[in-house]
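Below are two complexes that have subunit A in common, paired first with subunit B and then with subunit C.
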Partner chain A sequence: MKNKLSPAARREENWGWIMVAPTIIGLVVLNLWPFVQTIYTSFCEHLGFGHYKFIGLGNYTEIFQNAEFWKATWNTILFCILTVPVGLFLSLLVAMLLNAKVKFKGGFRTIFFLPMVCAPAAVTMVWRWIFNGEYGILNQLFGAHVGWITDPRFVMISCAIVAIWSNIGYDAVLLLAGLQNIPKTLYEANSIDGAGPVKQFFTITLPMVSPTLFVVMIMRLMSAVKVYDLIYMMVEETNPAVTSVQSLMYLFYRESFVAGSRGTGSAIVIWTVLLIGMVTVIQFYGQKKWVNYDV
Partner chain B sequence: MKKIPRIASLVLAITLLLSLSGCGASDGKTHLKFQIWDIAQRASMEAICDAYTAKNPDVTIEVQVTSWNEYWTKLEAAAESNTMPDIFWMHTNQILYYSDFGILADVTDLYANEDPNYYQNHFSDISIGNASGSDGRMYGVPKDKDNIFLVYNKEMFDAAGVSYPDENWTWDDLVNASAQIYDKTGKYGFMAYNDDQMGYWSFVYQAGGYILNEDNTRAGFDQPGTKKGMEFYVGMQDHEWCPNQAYFAETAPGTAFFSEIGSMYVEGNWELMNKCINFPNMDGKWDIAPMPKCPDPVSGDGRATISNGLCYSTAARGKHLDVVLDVLKFFGSEEAQLLASSYGAAISAYNGTEQPYFDAFDKAGYDINVEMVMDQFEYGVQNVNNAAKPKWKSPVLDELNKVYNGQQSLDSAMANMQKIIDTETAKKLAGD
Partner chain C sequence: MKKRSLEASRKRMTALTYAALIIGALIMVFPFLWMILTSLKTVPESMQVPPTIFPKEMIVSNFSDAMKSLPFLKLYLNTGLMILFRVICAVAFSSMAGYAFAMLEFRGKKLFFGIVLVQMSLPSQIFIIPQYQMVAKMGLANTIFALVFPGIVSAFGVFFLRQTYMGIPKEIGEAAYLDGCTQWQTFYKVMFPLTGTSVAALTIFTAVFAYSDLMWPLVVNSDLNMMTLSSGLATLRGQFTTNFPVLMAGSLLAMLPMVILYLIFQRQFIEGIATTGGK
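Right, the complex of A and B next:
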């Protein structure tokens, strides 16, 4: 096939390869190769300082028999269930409010986007103080005595609140872009037909914004499955509620870098990759039911 | 027109190459990097480096501080790629892991020329033990020694009418004082939280138990003394006067103490100067006392404190090994250790160089009974350690955490802790 190309076209093609080479090489060296290595490591025992011994499926049988691992898997799924639907709903709500005719629109947009600009570590530090069981403002406000991040019953909800709060702004901006692409004429035609705001939302806004919503949902789900920094910052290792909130990535960190068992850690990562893959495949099949690409 | 981008890219490429080669020293000196984790000791470390470079002008040493948590991740990665800092601190948690793999340079014969028994003559057995590998060779020059003690709030003791803790204090006195202070002032008593070195370990040894047996091959959680110590320590959270583990997850005992919310906790002497500097308004309101002793130990006299110590190490495959060994030799000398002590941040390991540490507190005008730390070395227990420690340290704390949050009984936790340590240790031994 390539032989049909003229020498000039072939030269151009070669240049094309050269031009994309930096990106491709970067991807292979920084992403693809480490991924292959991680797969290999997951079949090995880490003896220390980069020495590995091949042990086959040993790490996998070990984690599958470990109650803590299953608890972490469930925690991760629970975190997704708690954060993604609520987060998406709130983001869409905020996006629609910011799209409406309100004063100081620019100011509100900035305020909602601000959490995204703050360093996650700083954000969680502030939230930890808000949630503090003894001296936190939340308990002071309600006169309650709830261990928001130390009671196994509440710790997951507290972490979910912080996650949702941190992401609303970013998601809302993406959705806002989607909303602004909806032609005004559709709404005009619709209101002439006598549709109210609720009906307008379901017949125009939701279908028209669904492609953006789908992208945001995939991104949010993937990052929810990978949640680590937030929980690590909020819940320390000696927190009595740690097992009720420990996510797969948190477990991975502790296995790989605290206990030094990188083989086990890698096996957990591979499991998480499979989990993300599964969720994404389901979504891509599911999108046919609700995502609308026709304008 | 077409040529300009080419020339530009050529220039860029050359500058890139140049900046790569720029790493090499150009002034003919040997540049060494010295990695530590405690910002409070930066000044004393720079002082001994300056003392060395003053005598050896062809060497420069740069002190770099990394936080404790990152330190070990970085150091291990550096060890794998053979890019370790020239000199670095080594901790008992990790020294066996590193030395067993041949990462650290053997410094046993560092002083062979001047005194074959240099270490034995100038350092305590605990200091030597803390710097030794599993094979009994020295993999670091002892840097400092520390122990842990009781910190108490004098005002709260006065308000409750309880006499201050002294060397005769027992566990019963600790409990009584805690209860009285809580009753009369509403402040917490002794704050016992989930920790090993700063927590239950001392109490286990006071009761005559042990965490690891003599040759560090087996855990001692099935020993009656260990059980006694742990029951007492963990049981303290059942009292009203001790906050529970949920509280400590949000507020460290030190924070509670210096916010004048709790009256007693355990601290190590490496933190003393720091605390004095950071809480000037607490000056004169608090003091330190020996660890309370067990009134009826299963064996021994009921006294114990965990004594740890760091050492200066270097990589076995270091690029400037000859120069670095000479620096280490100086770091282990009386002169350097006296100098390091005088900053009041750590007690130097070299016998007889301790006094400047204590003088530093007097000089700065801090009114605490710091000399007491010296007396405690008499019954110091070497910080618990074996080659498998990085593997079992965290899981063992997890087991205890499950006792604190009511998920399991102390007995079943101790059985699990025994199993975890024995399994990991056996694995490590079998691997050698």
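Right, the complex of A and C next:
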């Protein structure tokens, strides 16, 4: 950087710095520094009132020996397995239905998208009522006596249903945009060749929409790993089934802000970030097998 | 002959498509309908076996009960102010930074943009404990400021608007600059007005995200009068564990403003959230 900048270029540089300054200062104070602090805190014991003592790997050895922690890790992975593939399949189905020549397309889209603008706190409330073991409409309808949110065997499935229901419209809108980018001529050429709808789906639709599908899948996986609000609202801490559904972020919340052990909480959140990193790496290797970027 | 069977199968496909869409729409709508219906029933009626679909006599006392146990007017105000300030900050700071990253040359640009990307790729929970400690240390817990705090800057907004500015031909800016505009005037008077659609999308995204957020308001504002609609509902859940009509009434009250906005601005909401999709 020996060459002298012209006055105009220098002015431009000054404006550049001024205009990014609020953002960069904000990000350093609000995010970058807290990130470093959380890493440090994960090696500390919280003595109360914001005082910490360095204890090395203590928090990590503690959580790694804790059955509840491993259960929460497994719950988080299970939640991803239960919600992401089924959710993607149903969203793609809805997107394809909306992409067909139908009337009231806008109306259907509005209805499917509705849960997106409702706070999870409000939406889960009605699902708690629907799933209620004694008086819930679901059990009444089928004459069953299933404890949908109190029985450890069912509580995870109930939460997964709510998650899928909440996200279907949003994912479908994203996928619909992908579907609408597929040139109609591809289908026309194909149907002259005599290909049926099923074959068309696998030879045209799926490969052409796979880049969008991949983006939606990554987004869905990331938010599933971080799931907290939905499960927290469905299953309160005093519910005996809580350990069967408690996600890592739920455990993080309880450890950090209910029990007050912020060191352990920080270790849990670092562990979650590592998990997210692993999922991302697997995805980016896996995508080569099925995502089609040639088109 | 062949043509007729093709016609018939196409008709069958259309009928199937409609059937699937209608069943899907019913599944989507049912919880909302059930919420409304339950909120108008008495507690004994809500627990009746077999259940009634429509309330025998409509009552609205559940709504007043919900409003007695939760200061809803305060919750609306708190949530509204939190959204307002977060949107103003996100739009102002992200527009400036997005413009600078897309249009200007300055030293440190790559490093600065790297910080933006790092923030975007980390889950927000990793910042929560230190953010909470900062707010507590400043003595600002249980304030509107505390609610706004993590949303003062939006890395996602910067990333998103940078892409918008990159889509605007540089010549437009250069022409304004040659006409004697300063960099700031070029940005503020010429370029910023061209980004209306993206700014609207960012506004909606920021608003819906802030409105849905639960963990931060729960952690930082424990005073009932300083809660948001989301964290207030979490409290209501603890108060009325089995009184579902009141819980439904409270949830409806919490959902109503955003749903009304959504129904008025459907297209902007759906397109806005779809274009910001991915985060």
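One rule holds for everything that comes next: the second predicted complex is superposed on the first by the 268 of 295 C-alpha atoms of A that agree within 3 Å, B and C clash if a C-alpha of one lies under 4 Å from a C-alpha of the other, contacts with A are read in each partner's own complex, and residues count from 1 in each chain.
Keep this in mind: contacts are C-beta pairs under 8 Å (C-beta built on N, C-alpha and C of every residue); 3 or more make two chains touch, one makes a residue touch a chain.
Quantities reported herein were computed from a predicted structural model and do not represent experimental measurements.
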Checklist entry - If subunit A is used to align the two complexes, do subunit B and subunit C fit next to each other or clash? => result clash
Checklist entry - Just subunit B (first), just subunit C (second), both, or neither: which does A:219 touch? => result second
Checklist entry - Is A:132 touching the first partner subunit B, the second partner subunit C, both, or neither of them? => result both
Item to check | First, second, both or neither for A:28, with subunit B first and subunit C second | outcome: second
Next on the checklist: Under the stated touch criterion, which partner chain does A:254 make contact with: subunit B (first), subunit C (second), both, or neither?
Outcome noted: first
Checklist entry - Of the two partner chains, subunit B (first) and subunit C (second), which one does A:173 touch, if any: first, second, both, or neither? => result second
Checklist outcome for this item: Winner on subunit A touched-residue count between subunit B and subunit C: chain C
Next on the checklist: Applying the document's definition of touch, where does A:242 land relative to subunit B and subunit C: first, second, both, or neither?
Outcome noted: first
Checklist entry - So, does A:6 touch the first partner subunit B, the second partner subunit C, both, or neither? => result neither
Next on the checklist: Going by the contact rule set out at the top, does A:50 touch subunit B (first), subunit C (second), both, or neither?
Outcome noted: both
Checklist entry - Is A:266 in contact with subunit B, with subunit C, with both, or with neither (first, second, both, neither)? => result second
Next on the checklist: Counting clashing C-alpha atoms after the superposition, which of 23-31, 77-85, 185-193 or 329-337 on subunit B is the one that bumps into subunit C?
Outcome noted: 77-85
Checklist entry - Intersection of subunit A residues contacting subunit B with those contacting subunit C? => result 50, 128, 132, 134-135, 236, 257
Checklist entry - Which of the residues in subunit A come into contact with subunit C in the complex? => result 1, 9, 11-17, 19-20, 22-24, 26-28, 30-35, 37-38, 41, 50, 93-94, 97-98, 100-102, 106, 108-123, 125-130, 132, 134-135, 137, 140, 165, 168-170, 173-174, 177, 197, 215-216, 219, 222, 225-226, 228-229, 232-233, 236, 249, 252-253, 256-257, 262, 265-266, 269-270, 272-273, 276
Checklist entry - Within the complex, which stretch of subunit B touches subunit A? => result 73, 76, 79-80, 97, 100-101, 103, 193-195, 244-251, 390-391, 394-395, 397-398, 401-402, 404-405, 407, 431
Checklist outcome for this item: Interface with subunit B, subunit A side, in the complex: residues 47-51, 128, 132-135, 147, 149-152, 235-243, 254, 257-261
Checklist entry - Residues of subunit C touching subunit A in their complex? => result 13-14, 17-18, 20-21, 24-25, 27-29, 31-32, 34-35, 38, 46-47, 49-51, 92-94, 96-97, 99-101, 104-109, 112, 115-116, 118-119, 122-123, 125-134, 136-137, 149-150, 152-153, 155, 158, 182-184, 187, 208, 211-215, 218-219, 229-231, 233-234, 237-238, 244, 247-248, 250-252, 254-255, 258-259, 261-263, 266, 269-270, 273-274, 277-279
